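Two complexes, one shared chain (chain A), two partners (chain B, chain C).
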Partner chain A sequence: MVSSLMQAKEVTKKYKRFSLGPLDMEVEPGIVIGLIGSNGSGKSTLLRVLMDVLKRDSGHIKFFGQEWHEDDVEWKQKVGYAGEILDAYGFLTVGELKDLISRWYPSWSNEQFETLVKRYKIDLKEKYRRCSKGTQKKIEFIFTLCHNPSLLLLDEPTAGVDIVSQRKMKEDLLNFMEDGEKAIVLATHTVDEINSICDEIVVLESGRIIHSFNKDEITENWARIWTSDIGENVKNHPNVIQYYSNPCQIVTNDLDTLEGIIQKEQITINHMQRLSLEEVLEFLIDN
Partner chain B sequence: MKIPIHISEESREPIYHQVETQIKTLIVGGQLPPGTSLPSIRALASDLGCSVITTRRAYQNLEASGFIKTAQGKGTFVNETKNMNIEEAKDKIAYDALEKAIEQGIQVGCTEEEIRTIFREIMKNNFSQ
Partner chain C sequence: MISEAFWLAKKEFRHQWIGFVSTILVTILMGILVSGFLLSGAEGQFIQFRIESTLFNHLFLDLIFIGMAPSFAAVFMSKPYLSYREAKDDPHGQRMAVLRSLPIPVSVLALSRTIFMLITLIILSVTFFGTILIFILGISNSFDLMTTGNLIIFLIFWFGYMLALGGMSPYIEFGTGGRIIHVLPYVFLGLFLVGQFTFYKYFGQGIVEKIIVLVEEIGWPIAIISLFVGVMCTIGWNKLLKKRLMNRDYL
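Up next, the complex of A and B:
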């Protein structure tokens, strides 16, 4: 039986002007979850609450099958989290920061650190604060990988990062997933990352999970069809996301169901085309 | 390592089946000879923009029908041809392709006789000396 690496149940966190949850989420080994949603939808807050950087108001969180006490740090040894939390140490050089962080992790690999520093051309003598936004992202990313984690929680890891390094990060994440036993939760705004890294997609809106599905369901269920006609029954159908009347064109999130309806109405389908992931994500985030 | 397959935007076929059929076609057609190393399920999913659940399913089916084999820790390879039913696969691939073509003909309004004429002409172009 596959046991989940992380499981959240009815987790909430309230602020004056924003509240997260209650939400449930499960991360299974071998799976990359893309966490998407517009700015301010609660992606970063969710990751911080999961990491216990922010205290939740209520709910249960299990890591590696177990609910941990707030003094326990053992579970954090196996989680790599990148969420822009190093600013407080900005006065340190990257090398000093490494010395500090590596001490927290018995499983830290200096060899891997050296390799990655070279791969991403990081200057260890530079003060963290003085590094560009993209370089800071790369440094955080490197830190999350060097202590042999089983689970990565990454908050927009490639934001501001140059194209070549983005490609390298993608490669490193795919390699990380190669043995099929680890998992990643990736908060991102980059369609390409969702397309080439993620297996499942979780959409957040105003602190709540409004959609959660396997990525292939998009390809199999969403479609744009061109039809001979379009009746009121079709226009008002809940699986019709968008329609135009002249020429008749329908976007649906459930092709099979809609085909049944259309056949009953004696309308013919002239053409069918799958939607791109990008189009669907826009519909999902902007509904 | 990339292999030349792609997911159709216009097909109703499930993705795992498209991947399975296209890899089978490449193997039967000799483009992927026995022993060729195939991308991992993760790498293939990344190239195709689908999930590992889909690529795993395609590989499991291909393995069950003897087309590929997985060696623990070494990766996935094209199997020796003696382990697969090539004749049956050839028939199936050709049959499905013709069926699809005929369906398209019907969709644009061809009559049976028109489709027969087209079929005969294509056959003549390909098989007459």
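Up next, the complex of A and C:
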């Protein structure tokens, strides 16, 4: 069995005003990685570089334990990618688009396609360009699932999608992960998606990975503490993310360690509250 | 690989059928206009260009064969060719991005573009030169320029030339940014004018006229050489396109 589905090492992509990387990333089976970051942080660029739609300047990318040549297609047959690029064929109907895409996947399941088309209420005769943004997202999402991929690379798959369909997409992604052999990299701005689907969170800023966490660690370790005082040792501690003096308040990413420090400094803890994932993500992206 | 490339080329024709039919119609119109000009300017005889040669006549004849012919390798009535704004968004590159994200080998993508170009070139050149021949033969009822055999050699020679340059078309469309589609014709026109005037200065003849003489003097070898060069160039452009597709950013 292959230990990692995707492995990127020292990958870079440079533009005039933006540079991606160098960054390392590994996707293991059974894991959903939430790729988060502010707009323009490089999430879409990273996924495009991984899919070879953008050419990397340096670094190595392995899919399914192997570095592939540009002409090799086996790895792409096992990857489902939704990256908002289908608009170039917007003059085709959804059915025609399906014909264009399905031809290249030996494992394409028409049955699954028809099931999903019904589930998401997609009109096959509608031109892709005429579909609403949310419907286009759903169509892309369906295309990524119908060839039984092992790895999904999804760029904001639920952006603009109605609430009911969002729930269905979440269900489909959880079903996709059921056997524990597959993985998802999900670029998203939706906290609910991270909360309910993701196992790991990778934070991108200006093209670099600045944080990489297990989601459970975040909810366990991040907290806000109200204290009687804040000493210099506390203020300068690396696990203190933010502090306020009036009233004295500390935000930490390692509750256990900081509790020890505070006790050592003989400061009284008045109140303590674990941060919600949303609050943590705000800190991660903002700071 | 070939069947996959043909499948893609066929799809492309289906996707672009409006642009393609419009291109054929405009090509017929161009053929009618050109034959009208040839007939009125030469008392109904094509050969008059050789007898009463003026620089303008040479320029016009050369422009038809050398300047216009390479455009028959592209569906020039499609949106990116008609609108700079459309071309600027690089629709060809964006479409290739979709195909590149699918499990399609780059060699298949490059070959499909070359096949598309070849079919387009054959259909449009036959349409254009066929229209001219039909009109000249139909109206003047005679064709004194050359024998049928020499005419075939002459046409094969030009097909070889069009092949040599036509391969550039998919490279420009899919290997470069969209803007080049609108810049290149001016560059090509500039080069053509410089080449044409230089040729006329040294040989006292137009390029096409010289080719007609060579066709009469050399015969089949010139057609074979031209076709060979055309095929080699097409293969070369295909290899260049493949290399470019492997290394370019599509978005």
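In the analysis below, the second predicted complex is superposed on the first by the 285 of 287 C-alpha atoms of A that agree within 3 Å, B and C clash if a C-alpha of one lies under 4 Å from a C-alpha of the other, contacts with A are read in each partner's own complex, and residues count from 1 in each chain.
Operating definition for what follows: contacts are C-beta pairs under 8 Å (C-beta built on N, C-alpha and C of every residue); 3 or more make two chains touch, one makes a residue touch a chain.
Since the model is a prediction, treat every value here as computed from it, not as a measurement.
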Side-by-side fit of chain B and chain C on chain A, or clash: fit
Partner chain(s) touched by A:277 [first = chain B, second = chain C, both, neither]: first
Contacts of A:199 with chain B and chain C, given as first, second, both or neither: first
Which superposed partner A:31 touches (first chain B, second chain C, both, neither): first
Touched partner set for A:105, first chain B, second chain C, both or neither: second
Contacts of A:219 with chain B and chain C, given as first, second, both or neither: first
Touching partner for A:80 - first (chain B), second (chain C), both, neither: neither
Chain A-centred angle between chain C and chain B, computed on Cα centres after superposition, in steps of 10 °: 160
Chain B versus chain C as contact partner of A:42, first or second or both or neither: neither
Partner chain in contact with A:88 - chain B first, chain C second, else both or neither: second
Shortest CA-CA distance in Å separating chain B from chain C in the superposed model: 29
Contact set on chain B toward chain A in their complex: 7, 9-10, 12, 14-15, 40-43, 45-47, 49-54
Touching residues on chain A, where the partner in the complex is chain C: 48, 51-55, 70-77, 81, 83, 85-89, 91-92, 100-101, 103-105
Sites on chain A touched by chain B in the complex: 30-31, 170, 174, 177-178, 180, 195-200, 214-216, 219-220, 271-274, 277
Chain A-facing residues of chain C, complex: 7, 11, 15, 91, 94-95, 97-98, 100-107, 246-251
